[in-house]
Amino acid sequence: MHRLTLAQSNALIDAALAKGAELQLKPLTVTVHDAGGNLIACQRQDGASNMRVKLAGAKASGALALGVSSRTIGDMALDRPHFIAAVDTMADGGMVPAAGGVIVADADGTIVGAVGVTGDTSDNDEACALAGIAAIGLKPFN
Amino acid sequence: MHRLTLAQSNALIDAALAKGAELQLKPLTVTVHDAGGNLIACQRQDGASNMRVKLAGAKASGALALGVSSRTIGDMALDRPHFIAAVDTMADGGMVPAAGGVIVADADGTIVGAVGVTGDTSDNDEACALAGIAAIGLKPFN
Amino acid sequence: MHRLTLAQSNALIDAALAKGAELQLKPLTVTVHDAGGNLIACQRQDGASNMRVKLAGAKASGALALGVSSRTIGDMALDRPHFIAAVDTMADGGMVPAAGGVIVADADGTIVGAVGVTGDTSDNDEACALAGIAAIGLKPFN
Amino acid sequence: MHRLTLAQSNALIDAALAKGAELQLKPLTVTVHDAGGNLIACQRQDGASNMRVKLAGAKASGALALGVSSRTIGDMALDRPHFIAAVDTMADGGMVPAAGGVIVADADGTIVGAVGVTGDTSDNDEACALAGIAAIGLKPFN
């Protein structure tokens, strides 16, 4: 599988956390996954609660599972709650219908992984995810 | 792990049950957990139904998972039911969006555990949890 | 269900922990269950590791599940490992094939609950369980 | 919760990976957890296979669950395979009976977290875990 390297993943996390510091957000947790949804790297800041790695990870792996950002999954959940509830059960909890999970693509549009952020508002979480992706010269997919 | 001692946990439960007796509440169940969510002690009063330890425990461990009281998780569930439904699936049932699960902090604000109470109304359950925490000289967190 | 009262359960735990102190055992965890396997009370001593309530509980609930002590289940596991492995999967982890889980009966031989102990050797764990049962005037079943 | 900080966790991972490079080991994965078993940080090196974060994490969280290193759990599995099989089912896969999962204590002997390493032989994995712990001035527990 063509995937984000560990060096890229660490740089992405550093940039996402730097964005959080700049915006003075609450303690954040950032996860980076390969295109198969498997974790490559994660960091949970001091003060972030117990389940935060799972939560960030489920934003990212859920995005990869359906091929759209977790923001879009949140919109789908408002339109068709029964559908997303069923898919979430299928994912065994590995999906969170709220912004902050973003698929990462290279210049060709090939999916190379995903990032998940949690800790502040969903909008702020997503802003940090996008800052991380931009910092390593890649693009969000969908 | 810096955690509530067993002696503190037992004293907390005694005080919570005493509060329930004072308020003439229905049979209560009280669980006390370390900061990682693992049970330290529990007591289920005579007449309390089968799943009550799991229920009290999930109020407490769910609070630790997200870093807020189960009352706040209940408020989040009203605002964004699809989000809390997804997180609850992720927690494999280890989360209950109703008052009665309270994180416990020491004088420095360091989280040292959590308490869960179930059996009466959620408001009364929480009142007993708070009475138990106060009785051992600690404070609720968030 | 005819079951151990909470007062009996707390007294049983106190006696089991007193036995552990007398024998100078490592930190113990004791769980008491109704005849349906549901927790009534538990205490995990300071220094006991994270999974100890689950482990003690699975000794006790596993004993109730098969109707014999967890010591007997351990013997069955030596004779027929494939059978106990299958049953353990069926129990979803709620069974531990090692001494320390004992079914509790009243004077008539009616099952009223079970106790689980973990922390030291299995033999010592069971000695504490038996001491707790004897202290409240009841008897082990099988 | 008194726990390893994120800064300590990142430094521990860097030192563990540096040890792996020095010994010319295969691609490693390192996870760092709080005392409750929840992930704080992880890094999976390029070329490490899909399940490696789960595997390293289960070495570490399994060690915390039973209060001994995953090397000791491996020894227990040789002596009493049916016992460790049952406990592993209870842990829902969150336990690996092989060296590489080490509990971390501070100078007072208080448990502050755990580290898991996987990728090379179990002995080499553990050597890297111990190097990481030493690099931040802490000690293995048990």
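Going by the order they are written in, the chains are A, B, C and D; count residues from 1 in each one.
Going forward, a residue touches a chain if its C-beta (ideal position, glycine included) is under 8 Å from a C-beta of that chain, and two chains touch if they have at least 3 such contacts.
Predicted model, so just to flag it, every value in this text is computed and none were measured.
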Chain at maximum distance from chain C, centres defined as averaged CA atoms: A
Inter-chain centre distance, chain A versus chain C - centres from mean C-alpha coordinates, in Å: 44
Chain A and chain B: spacing of chain centres that average the CA atoms, whole Å: 30
Chain centre separation (chain B, chain C; CA means) in Å: 25
Junction residues of chain C - those touching two or more other chains: 50-51
Touch-based graph of the chains, sorted into line, ring, star, complete or other: other
Interchain pairs in contact, sorted by label: A-B, A-D, B-C, B-D, C-D
Chain D to chain A touching residues, read off their complex: 5-6, 9-10, 34, 36, 38-46, 50-51, 53
Touch list for chain B against partner chain A, complex: 35-37, 64-68, 80-83, 85-87, 89-92
Sites on chain D touched by chain B in the complex: 1-3, 34-38, 110-112
Residue ranges of chain A touching chain B (in the complex, touch as defined): 48-52, 54-55, 58, 74, 77-78, 81, 84-85, 88-89, 92-98
